[in-house]
Amino acid sequence: MLDKQGYIQRNILDKKEFSLKEFFLQWEWMLVIILVVVTIINANLSPYYLNYASLRDGTMIFLDKAYIVFPMAMIMILRDIDISVGSTVALSSVVMATMYNSLGVPMELAIVICLAVGALCGLINGLLIVKFKELSAVIVTLGTMILYRGIAYVILEDQSSGNFPEWFGFFGWGYIFGIPFILILFVIVAIVFGLLLHKTTFGRQIIAMGNNPTASRFSGVKVDKVKIIVFTLAGLMAGLTALFLSSRMGSTRPNVANMYELDVIAMAALGGISTAGGKGKIIGTVIAVFIIGYLQYGLGLINIPAQTLLIIVGALLILAVAVPKIKLPNFIKRK
Amino acid sequence: SQGAPQSGSSTNNEGGEDSGGKPKYAFVFKNTGNPYGEKMMDGFKSAVEELGGEVILRSPDQPTAEGQIQIIEQLITQKVAAIAIAGNDQDALEPVLKKAMSQGIKVLSVDSAVNANSRILHVNQANPERIGRVQIEAVSEMIGGEGQIAVLSATSQATNQNLWIEWMKKELEKPEYEKIELVKVAYGDDLRDKSVSETEALLKSYPDLKAIIAPTTVGIAAAGKVLTDKGLAGKVALTGLGLPSEMASYIESGVSPWMYLWNPIDVGAAAGHTAHALVEGTIKGELGDTFEAGDLGSQEVVADGEGTQIMLGDPFKFDADNIAEWKDVY
Amino acid sequence: MPENVIENSTQLQTQVERTSKLASIYKFRELGLLVFIVILSLAVQFRNPSFLSGENINDMITNTAILSILALGMMLVLITRGIDLSIGSTIAISGMVVAQVVSTYQELNPLLVILLGTLIGMVCGVINGVLIAKIGLLPIIATLAMMNIFRGITFKISGGEWISSYQMPKSFVSIATGTTLGINNLIVIAVIIYLLFFYLINHTRTGRQIYAVGSNPDSAKVSGIKEDRILLLVYTIMGGFAGLSGVLWVSKFASAQGDTASGYELTVIAACILGGVSIAGGSGKISGIILGSILLGILNNALPLLNVSPFWQTGIQGLIILVAVIINTLVKRGVDRNNLMRRKI
Amino acid sequence: MSEYVLELRGITKEFPGVKALDNVHFKLKAGEIHALMGENGAGKSTFIKVITGVHSPNSGDMFLNGEKVQFDNPKDAQKMGIAAIYQHVTNYPDLSVTENIFMGHEKVQKGTKRLRWKDMHAEAKSILRDLGSAIDPKTEMGALSVAQQQIVEIAKAISTNAKIIIMDEPTAALTARESEELYKITERLRDQGASVIFISHRFEDMYRLASQVTVFRDSKYIGSWGVNEITNDQLIVAMVGREITQVYPNKKAKIGEKLLEVKGLGKMGYYADISFTLHKGEILGLTGLVGAGRTEVCQSLFGITSYDRGEVYLKGQKITVKNPKAAMNLGIGYLPEDRQLQGLVLDWGIGRNITLPALKELSNKGWLNNKEESAIAKRLAEKVNVKANSIFDLVSSLSGGNQQKVAVAKLLTADLDIIILDEPTKGVDVGAKSAIYEIINDLAASGYGIIMISSEMPEILGMSDRIVVMREGRITSVLNKADATQEVILAAAMSDIKGKEVG
């Protein structure tokens, strides 16, 4: 119809050429390289590191909080942050233990309640953030961070609560076909979140909101709903972490999972999730979890002091994020 | 009884000692950067090295059970012979320590105990009953057996402290203390700023307060500072458990006439000897076992609730006469 | 109100004046917070009459002084859309080094000591600033990493030891406990810093450029503002304040530990956001962070006074923070609504 | 000294993959108002940024008063007396109007370097007053409407006392009346000896102001003429490379049944008593002065904001619109006035932008169907004729007009009855404008009811079947096409009804 105006009708391509350069310039390759380097270093440092049993059991140590990385990645893509997840872990595990030990709720049901409490905590975060838009997620979750842990203290006071049934140990310690259950479920959850973020309309909407929340709203994205769901997912995953953690500890206490949020944020950041919004892939966060986890595990095997470990992990985080930023042209221009 | 690790699928245990041949003795303290823990580890180290073992000293950067679980897993992979641990949580280490024991590692707790299921025995720095009672005796002497007192503890969940406070309360039931009133147990969470606020609040809420007992180093030092700054030396007495170095100025100035602690170097050394005895098979950790613990002399395994323990002596009293020689030690 | 059409300039004049009066009420955004603080104080006073006594108020302000200094630095950082999670560690590192120095050189002049601590903090701040401004790392990541690194270094240099009160000379301890003109030094230092920075923020170009960079970094570039310099400056100031606070902290508590002020950054950030500083950048006022610091100061002071069960304290604290920010929001909305109602249509 | 205050020779500027300027020339005389014209994406804004030092050119020289200069950053240009108002507002929403005006050249006390707030507020006030605006210099920039912000930008350029002032589409957000104020100011500046470069897609701007006009096309320099030396048609040919016979296309649509009826709509503080109807195939022009409340009314219909009084009927059914998605499901679409903030995800490709409102329809139970998505994006991008190579080209790399076309394409994904267009041709070149008019007309012909908000009088008169005029939140007049003239509309837009207290 525009041709009659004398316009040349353009042909706009709808296929992208596959560019090998672009493919290999992805952040995730950088992470893979780091992971390989970490593995090589560790294998050279400790004779105990590089064997199947060690690598397998090593994952059981660090995977518990790693579940929260996925929803946290989504939250960071939305330009928000959730610092209440550690407290959510504490509260949901404390409620579960209390249900089972004090109220005689069957463990199966207590587990469901644990997940539900986690999700509820996340839902409350989401609702508060959406209802009080003037407040940022930081202040809301800072408040609930203190509040949720406070409730956990009120429930259990100075007690720990354990005595879970034998089978409950399976979550944190069990194997299926010789593979840790925590690892199997982690892979499944990673795939689910990967598909959710990258292959569904929901994920697309999250990325759109991360890039431009106003335009997303004008385009009919139910921004409030998306936000609430994502924060609820974070709570749910915190509930899952609570299961694994209480299973590994055989008990729980109000002060567990302290400062988990910072570890989780560090993993997501290393994984290439940008708090500036709109960027990042689930696969990156998965690799980052293994980088940090195995680095700590490997250095632990040669008994590096905790303070040195702090410095090494900090330096790794900076190097990994900084190296790709130091582009040559920029560097020259600055000189 | 729960969360038993499945030993079948864990690292196969082909002879506990490989590299170098020396058995490895690991000590896990609550957190890093704590001089009390450092001294204990020093004691452990010199004792074990004297006995011909290799020493691994570890602590997480934060005082959490989660951090200790990670470390213990790493120690299991390294096939250590024994683990001595000052637990950050009584119960939370049970599954992982059971896993360690199931692989032949000798596990003992030191200073702050883990529950009886999680260890072979406990090395107790001093009798908790004595720790509790002796502080009440001290405070009574300081205030002339009459007046309001308060306790400034660490966190509300510190099991050590709570046990001592229980014994303090039991001691207070004795008729000779009927004029002493325990008005409040406050918690400074082992944070300087919070301990200061709590102390200030105690002084304001109870203007007639005569003494403060703080069975924790950060708490007692913070209270000492507040009493010093407010010029209350001689008016409100302070005692409790603290590091001599932290308390030296307040004991010298009389803010705290005296206080108690044990020697962490000895505690560490005792743990080293006990671990060695366990690894060598000299003792099994059962009631009545005895062994020679170097300079600490002969030790006997005694009962401790459901478990067993080695009990070191009474807490040591630090006052103006002896503080100067100890303040540079720990 | 089509403000850009003038027909009758006198009518316009009055209209403008009326709106600006309204605007001045509206502009005091932390009205709700102020009201909340007053009500909270009265409630606490009712339960424990020693709350509003001179001595307690003095204690409270003294204990809040360090927090308020840090909040000022954090406000500047937040205004530029940044965040600094490393300040707890910076406090520790500066406190530890300074304590080690004074325990060796007992005669050192307290002013030099303060300067030394501030310098150490500034070095930490410069590192953050370079990573963020020159290399372009996200502030949250850079400072999260540096938080670990500074803390690790502190543990390393302390070798697990603490520096205790008996090792510190009187002159050093009296930095925090001494008085000037009858007022505690901590308060004096905080007030001086606040006055200086009130001037810097509101009456100098650099101060306004900090806001400009946070409000719209792209326009800042077009206006020729050197964004990287401003960021470097802001993180250096934050580091300097943290370093200074390290000295004050160690002097106040007369003990330097490796884990000093661990996690304190969250308290400082809480004070800022309570005071209405937006983490999206560009806005934040000194009056706001004073109120934010005061609210936290009151909480720390009042909960022990109220004899609240320790198991309830955390929960109550979280609840009060949430309620405070929500009330503040609701009051702001009310003021906005009121403004709308007065608009002629 | 040279006859030209500013001269650029052989400027070339390349962005990755795009040659935005290709060997262009430009000469500016002292005391001249010089129009720079060309299609969207011709490179005008880029050229300005080269002059002001925001971009450095790949090759070419710049001379100021005959002397060769090179600017590495905007501050250098500012110091040499060059001030610019950029096309996309570059302001500080959290800072006061005064600060926005004086940012970069604040008044400071000699010696102490203390900022002289009082003087700055006073001067800001007087500049704004000269511009015919009563904006309080102490208000926050973010609280102003887009047009008011534009005025502040102009005030900012004036405040620098620059010798060369560059305005990139300053009238795009202004109404005729405000434009007239701007013309006067510009002339006054010229009379005081400043030279002005003026970019606009409006021919009336050029004829009213400029003495010289330079045209760019496809990144190249086409020519420079005295305004009287060249006819309108020749100019259009120079700009778009072909003739455009008729800017406003002939109406093809038949007006059908009633689609929308709005009864007594009100929102406290924004608008009151809004009643109008819209029919199938009808184009309803909605005009008024800037800030009259047109956007607010339409956003309420689209579910962005809520109304607190009145009713809305769609095809006779009473509806309440909770959110934009609900509005779209009901068949109401909205093209926002600020395409960068509200319309587009700039860091995304064209394709993803187009399909964003229709994700649900393009997916199977929530799973994205990439093939179908690409096909639809391609079809719609071609339909509105976006100047791009592929649907993966980033929207941020498109010129303003092409961005607007992408935003229009977004509306075509959904199955709508009513389309609300808020300033649809703001900043769009004459070729693209007529293309957009054509699209609007076709939409009307295919049965859509269209509400078109516009501040451009010719556009309102040329396109609308009926015209609703708003003033200060109320409808003052509804005119049929036949009765509508520029004078009648202006009178209605500014008529002096006594406002009453609401709420």
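Points worth noting:
Per-chain numbering from 1; labels A, B, C and D assigned in written order.
Just so we're on the same page, a residue touches a chain if its C-beta (ideal position, glycine included) is under 8 Å from a C-beta of that chain, and two chains touch if they have at least 3 such contacts.
For reference, the UniProt names are A = Autoinducer 2 import system permease protein LsrD; C = ABC transporter permease; D = Sugar ABC transporter ATP-binding protein.
A quick note: this is a predicted structure, and the numbers were derived from the prediction, not measured.
Each of B-C and A-B has its own count of C-beta contacts, and the greater count is at A-B. Compared with subunit B, the chain whose C-alpha mean position is the greatest distance off is D.
Centre to centre, using the average C-alpha position, subunit A and subunit B are separated by 36 Å.
Look at where the CA atoms of subunit C (ABC transporter permease) average out and do the same for subunit D: the two points lie 41 Å apart. Centre to centre, using the average C-alpha position, subunit A and subunit D are separated by 42 Å.
Each of residues 31-33, 61-62, 156 in subunit B touches at least two other chains.
Along subunit C (ABC transporter permease), residues 151-152, 155, 258, 310-311 each make contact with two or more other chains. Residue positions of subunit A with contacts to 2 or more other chains are 153, 157-158, 259, 305-307, 309-310.
A list of each chain pair in contact follows: A-B, A-C, A-D, B-C, C-D.
Those residues of subunit C (ABC transporter permease) that touch subunit B in the shared complex are 48, 50, 53, 55-56, 59, 63, 151-152, 154-155, 158-162, 164-167, 177, 249, 252-255, 257-260, 262, 300-301, 304-305, 307, 310-311. Those residues of subunit D that touch subunit C (ABC transporter permease) in the shared complex are 52, 54, 73-76, 78, 86, 90-95, 99, 103-104, 106, 108, 113-115, 117, 129, 132-136, 138-139, 147-148, 151, 177-178, 268-272, 289-293, 471-474, 494, 496, 499-503. If you check the complex, the residues on subunit B that touch subunit A are 1-6, 9-12, 18-19, 31-33, 56-62, 64-67, 69-71, 73-74, 77-79, 89-96, 99, 155-159, 162.
Remark: subunit A residues 1-2, 5-7, 9-16, 199-202, 204-205, 208, 211-212, 214-222, 278 touch subunit D in the complex.
Across the complex, subunit C (ABC transporter permease) is touched by residues 31-35, 37-38, 61-62, 156, 184, 186-187, 192-194, 196-198, 200-202, 204-205, 221-222, 224-225, 229, 243, 245-250, 252, 327 of subunit B.
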